[in-house]
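Written out below as structure tokens is the structure these notes cover.
The first chain written gets the first letter, and so on, giving A, B and C; residue counts start at 1 in each chain.
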Amino acid sequence: MITQVANPILEIHDLTVSYDQSPVLWNVDLSLPPGQLIGVLGPNGAGKSTLIKSVMGLVPPTSGHILIFGKELNSVRSKISYVPQRESVDWNFPASVLDVVLMGTYGKLGLFKRPGKKEKELSMECLEKVGMQAFFNRQISELSGGQQQRVFIARALAQEADLYLMDEPFAGVDMATETAIFQLLKEMTQEGKTIVVVHHDIHSAMNYFDWLIMLNLHLVASGPKNEVATEELLRKTYGGKLNLLSKVSELIRQTDFNPLKS
Amino acid sequence: MMSFDPNAFLIISTASLIAISCGLLGVFMMLRKMSMTGDAISHAVLPGIVIGFFISGSQRGLEVIIGAGILGILATLMIDWFRKKAKVQLDASIGITFTLLFAIGIILINVLAYKVDLDQECVLYGEIAYLPIDLWITGSGMNLGPRITWLAVLNLILVLGFIVSLFKELSLTSFDEGFSLVIGLPAGAINLALMSMVSYTTVSSFEAVGAILVVALLVVPPATAFLWTKKLIPLIKITAGLGVIISIIGYYFAYWLDSSIAGMMVSVSGVIFLASAILKSKKPNFKFGTKIADKPFSI
Amino acid sequence: MNDFVYFFTFQDPSIAFVVLGITLLGIGAAYVGTFSFLDKKALIGDAISHAVLPGICLGFILAGQKDPAYIVTGAFVSGALATFLTSWLRTNTKLSEDTIIAAMLSVFFGFGIVLLTVIQKTGNPEMAGLNQFIFGNAIAILEEDLLIYGGLAVLIIICLSLFQKEFSLLVFNPDYGKAIGYPMGTIRLVFNVLMILSVVIGIQAIGVVLMAALLITPGAAARFWTDKLGPLLILAALFAVISGIIGTYISFVFPQMPTGPWVVVCLSTVALISFLFAPKKGVVFKMVARNRYLRKSHREHILKTLYKALEEGKESLTIEEIYEAFPYQTQESINSIKSLYEDQLIIKNQNVISLSIKGKSAAKRVVRLHRLWELYLNEYMNIAPDHVHDSAEKLEHILTPELEDLLENRLNFPKLDPHQETIPRDHDEL
């Protein structure tokens, strides 16, 4: 059940990714429509983060290629925005909330230039959108997990992109905030932005997303929510890994050289 | 009180300049969790210094700085190569790289002993006390004052220029390297530039404080300052202030005990560091009772 | 040459003693170091080695001379203090481990330098002996020193051998150890003591600055050759002992040369050789494996080409037709055809090539694996038929007979692949 679209905003072609020579994502081939709120679902270790990271160029693909707005990543970086997992950084870093959100504007600023008044105003607006404006001067080490997550979302908003990729942005965020932020994301899609969110909770996913990508080491489904949210596909996604696939992965890991490298 | 001693003033101000340069770079090394890489670089530049010395015939040659710069970058690349290509874990990569390069440096000093007037002690702990008599005299015979002080001034200007112009990039790559890659910042190049500055600072300072004690100046003042603040700008300011304080106290203690000035500076910084750690430890404070860190509020 | 014979025949009992000492301390350091390497705490050894310097100096000041008992005790105490402070700072401050280790290392070393210069200024004639602790001088080890150093080394080796199980648990999974009732705190303490002791006994020979190498490098190098703990420890010890003896020999021949740097250079050479040439993990080995795989896959692609021609009713292909099937790979094709002919998988008649009976069976197997994998990708992983070929093109070369059976069973011995092409079996006629 994989729906391909015409004029996609993001196309992934036959993407295979390996860590330490063991494939963690097999032959993913999908295309995504613009202006939608897209959820990436799957069990732990299904390759959800890996998918987002390879779109962002943070992990090299073993084979396959990716096009964003029909172009290579390097020529469209300013139009893509990224929310990494909260655990990927050390929150003891000496920076204020505003400092971190300002980082979202660095891509457009370019080397050597300092952020000015315009960037600060934009960052404050983004903080307001996630309900963190009161904390702008606080040090990030003093925030709770959910608040840190919202700072990361605000930083992504400050990038003013057309495509947003968010890796587990709601981990540790309370229900009320989650709903408020989803409302915000929904409004953004109505303005034509595309938002891809790795999400851990199937139940809320069914409420929020327009389109679902279901992963379990390989692509189980990608399509409009109403069409792919079937019991059969959910069972395929969450009902354990393919035994034979795991064996082949193990075999590849043990060969002296990764044959999947093209 | 003591009367004004121009030599003491010269030594203290030179030591402060060196400590500030090291500390400023050290702040970013610490935030990148690369303090041990800094340690490795400061050991690893030794063969570069010796070879540069051998080629130029003096320890003032530009060759020495170039040699050390090359070795510093080579050390960074070696650590990277061990880690990525040979899949050796990071700590072991660092350990193997710096011990090998340092060992080669020591062997070269011994092999070239008749050609290179560089003894092991100088490499180890430098001698800033001789600074006032080591003068920079131009070809026409004009005396421009102590050579090492000039080197330290130049070093600080370059370090300041480097940090001010790349402040935003340095802080972002230190905080979230992945994000900096995503928005297209050349994180690798910035990292290499920082390592080059560390190597250059090591060479520029090694005559005064010794290659190994440079590490202390790179690591200890930033670590101490980080115990006192959560903000980046104050962190940098406190680090610089500590550099001056340890130079002053270190000098007078060394003078009093008749010992190595650089070694004493490091010892003083160590005492301040440990005292700060005790004062600022996360442990329940016996005097004030258990203070539970208040959970930061949510809306 | 005479030096060589004189040294290695151990005519001089003092040389025999030194070599024995180096051997023991090499084994001890390599043992402890390998555990701390596996624990990913290799650099703590570096911190401890630098940190013993002030202790050595204090021992010297208290004894007024180079008395091994005072020096060992002093070194042990300051090493222990540094270890304690490192772990205290780790739990009680927000500083990262890396910063703490670098800070402890340089502060202790700096203080050691202060003491060293203080001693220097006193003009004590034995001062020269103290300098040897910085870069090491194995030849200067005297028999009475050896009793202490050697005894401690034996103690370390015995301790580590007796409690190998406990220390493995400490390195591998301390929480589990705690859960099944082992006193992990005590085991960690004992291990730290052994670690400090191994540094203390090594510094006279290797020196404080480079002692870290004797702890880290043997284990890291040995790790490339084996995955098992026992052989790993033995190999690491062997590397350390060989390098130690070579280093000692060099400072015997050139008395000006400190021992430490040469030991480190030897060890690093062994490590570099391991990184490059060790089977399985070595860099060169991986390149060779890659080339072997590419050769194998090219051979099998030629078999497949011949088989497909057969499917289309052509009994044979000309060499030129095969070259054309693999543009830009003519040299590889020439080599593959040669080796396929040598293995009697193809029959060559002047310029015309066809499959032998053996070759047909081999070709069928490759085609079968290719098509089975295509079908699996299509049926189980929802991959469209026009996207399955590339993956199958690679996996057909590595799938084992066991996986082939599994695929056959899982797919229920299918007749056709997603492109409606026949999946060939051995008994099929063509």
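Of note:
Note that in this section a residue touches a chain if its C-beta (ideal position, glycine included) is under 8 Å from a C-beta of that chain, and two chains touch if they have at least 3 such contacts.
Keep in mind that what you see is a predicted model, and the values were worked out from it rather than measured.
The touch graph of the protein chains shown is complete. Pairs A-B and B-C differ in how many C-beta pairs touch across them, and the larger number is found at B-C.
Between chain A and chain C, the centres computed from C-alpha atoms are 36 Å apart. The geometric centre of chain A is 39 Å away from that of chain B, both derived from CA atoms. In whole angstrom, the spacing between the mean C-alpha positions of chain B and chain C is 31. Annotation for chain B: residues 33, 226 touch two or more other chains. In chain A, the residues that touch at least two other chains are 90, 141.
Residue positions 94, 96 of chain C are each in touch with at least two other chains.
Touching chain C in their complex are the following residues of chain B: 30, 33-36, 38-39, 43, 82, 85-89, 91-92, 94-96, 99-100, 102-104, 106-107, 110, 113, 120-121, 124-125, 210, 212-213, 215-216, 218-220, 222-223, 226-227, 254, 257-260, 262-267, 269-270, 273-274, 277, 280-283.
By the touch rule above, chain C contacts chain A in their complex via residues 94, 96, 280, 285-286, 289-290, 292-293, 297, 376-377, 380-384, 387-388, 390-391, 394-395, 397-400, 403, 406-407, 410. Across the interface of their complex, chain A is touched by residues 31, 33, 165-169, 171-172, 174-176, 178-185, 226, 229-232, 235, 295-299 of chain B. By the touch criterion stated above, chain A contacts chain C in their complex at residues 1-2, 14, 16, 26-27, 29, 63, 90, 92, 141, 218-221, 242, 244-245, 247-248, 251-252, 255-257, 259-260, 262.
In the complex of the two chains, the chain C residues touching chain B come out as 37, 40-43, 45-46, 85, 89, 91-96, 98-103, 105-118, 121, 131, 134-135, 209-210, 212-213, 215-217, 219-220, 223-224, 254, 256-258, 260-262, 264-265, 268, 271, 275, 281, 283.
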